[in-house]
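Notes follow once the structure below has been shown.
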Amino acid sequence: MSCQVELTEAGFDPAARLATFSASLGDEGAVVSFTGRARGKAKDGNAVGALVLETYRGVTLASMQAIAGDAHERFAITHSHVVHRAGRILPGEAIVFVATASPHRRAAFEAADYLMDRLKTEAVFWKREEHGDGASWIEPTAQDQKDTVRWLQSEGEENARN
Amino acid sequence: MSCQVELTEAGFDPAARLATFSASLGDEGAVVSFTGRARGKAKDGNAVGALVLETYRGVTLASMQAIAGDAHERFAITHSHVVHRAGRILPGEAIVFVATASPHRRAAFEAADYLMDRLKTEAVFWKREEHGDGASWIEPTAQDQKDTVRWLQSEGEENARN
Amino acid sequence: MAVETTRVELCGRLADACGPFVDLTLPVEGLPVPELISILRERFPALQDGLSKGRIRACINETIVPNEAIIRPGDTVALFPPVSGG
Amino acid sequence: MAVETTRVELCGRLADACGPFVDLTLPVEGLPVPELISILRERFPALQDGLSKGRIRACINETIVPNEAIIRPGDTVALFPPVSGG
């Protein structure tokens, strides 16, 4: 089992991360990856010059580690890798990369999906989009909150079944 | 929009495919990939020497293209890439690679999940595991069938809502 | 009634019993899929087992067809056991 | 009643109004989170807006705490508006 979590100010290459992750595996049959990329357009359609992600001391990395730990507890995955950038990120660059591996595909898909939902709403980052005339803070959307609540509900259902 | 489907007898590198796929994107914020790898152990725990995938004329590629086309119709993805190997595949080698891109992560996740479920049960391949004393044909499991039926059910629900 | 030889390709596990091809004669007016399967089971007892497992689909001229479809002499015919990619 | 100066770090959008740090004096017995927020709103009117949006969480000594937690002089204190990674 391996659970590797990284917070970095430097740019990184998601494909290179997938290559390293895959090379570290044993007999797992399923590998899922997610890459979140900085967009050049805001929701209102205006151009974004850069996305800036702020962190807080050791709390940001600890929040990522807690989320990854929960994913291992909850899903039958054997390996995971989470990389998150902080600082100033240009459009097209990767913000976050998640990879999961499992003997079977359902656990790998669900764990990656779960990791992203929780990173979106619970990882300790503050995000702002820089544009021509200033910056706008970005908070989780109603959809992001709904996506995270899905897992709470199905956890409740699982418990109810036991 | 781009929907690229490939059937190959040669080995391929999933990370290199993810790199090429990502480089082809515009302002998409979400990229999901799935890699299915040949396992060195069968379900009964016995060693597998190789996995052999048979195809039938143009029908195999056409079945993959139909599935990919359905994914684009059904989900808000802008790009997809499906690569499937045929022939003799050694443990650890990639059998299938799927990548999807979308402005938002939910569509990218769901489309990749959908593509894999349908490739498992509807793409025209016949698979056998070679082991010490012969070979065993592998057919979709009850779970694979259930996974595919999920999408039929939610399609019905979507139609009912319209 | 005129007859003509038609080659049927047996895919996947269906080829285990007697190889990937069998030849048989079809009436000019053709046969629906279940009748083709019945004839194969009679003529090639080794195929009994594989063809009786059910869920066999026919492919005519590179198109997977429903059971009602008619297979005619000269068609490119294949029988598919359950498929599985990935 | 003895008092001591405590520095509160303002994270994310909370830093827009008057920078990333404000200093204030806390009673030695400490204060629960909602009272700390009330005091900050009184002393730093520029923070009114940011702090009234709700969903502000406190972090004491690098641990996110519930509202009942007591902030004491000498603690490393930060206030978090809603977080969002990815």
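As written, the chains take the letters A, B, C and D, and residue 1 is the first residue of each chain.
The rule is simple: contacts are C-beta pairs under 8 Å (C-beta built on N, C-alpha and C of every residue); 3 or more make two chains touch, one makes a residue touch a chain.
All values reported here derive from a predicted model rather than from experimental measurement.
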{"item": "Contact-graph separation of chain A and chain C, given in steps at minimum", "value": "2"}
{"item": "Centroid comparison with chain B (C-alpha atoms), farthest chain", "value": "D"}
{"item": "Separation of mean Cα positions, chain D and chain B [Å, integer]", "value": "50"}
{"item": "Centre-of-Cα separation between chain C and chain B, whole angstrom", "value": "28"}
{"item": "Rounded Å distance, chain A centre to chain B centre (Cα mean)", "value": "23"}
{"item": "Centroid spacing, where centroids are CA-atom means, of chain C and chain D in whole angstrom", "value": "76"}
{"item": "Junction residues of chain A, two or more chains touched", "value": "36, 105, 116"}
{"item": "Junction residues of chain D, two or more chains touched", "value": "86"}
{"item": "Which chain pairs touch, all of them", "value": "A-B, A-D, B-C"}
{"item": "Chain D residues touching chain A - in the complex, by the definition given at the top", "value": "9, 11-13, 59, 62-64, 78, 80-86"}
{"item": "Partner chain A, residues of chain B touching it in the complex", "value": "13-16, 18-19, 22, 25, 27-41, 91-92, 103, 105-106, 108-109, 112-113, 116, 143, 147"}
{"item": "For the chain A and chain D complex, residues of the former touching the latter", "value": "36, 53-54, 56-59, 62-64, 84, 95-96, 116, 119-128, 137-140, 144"}
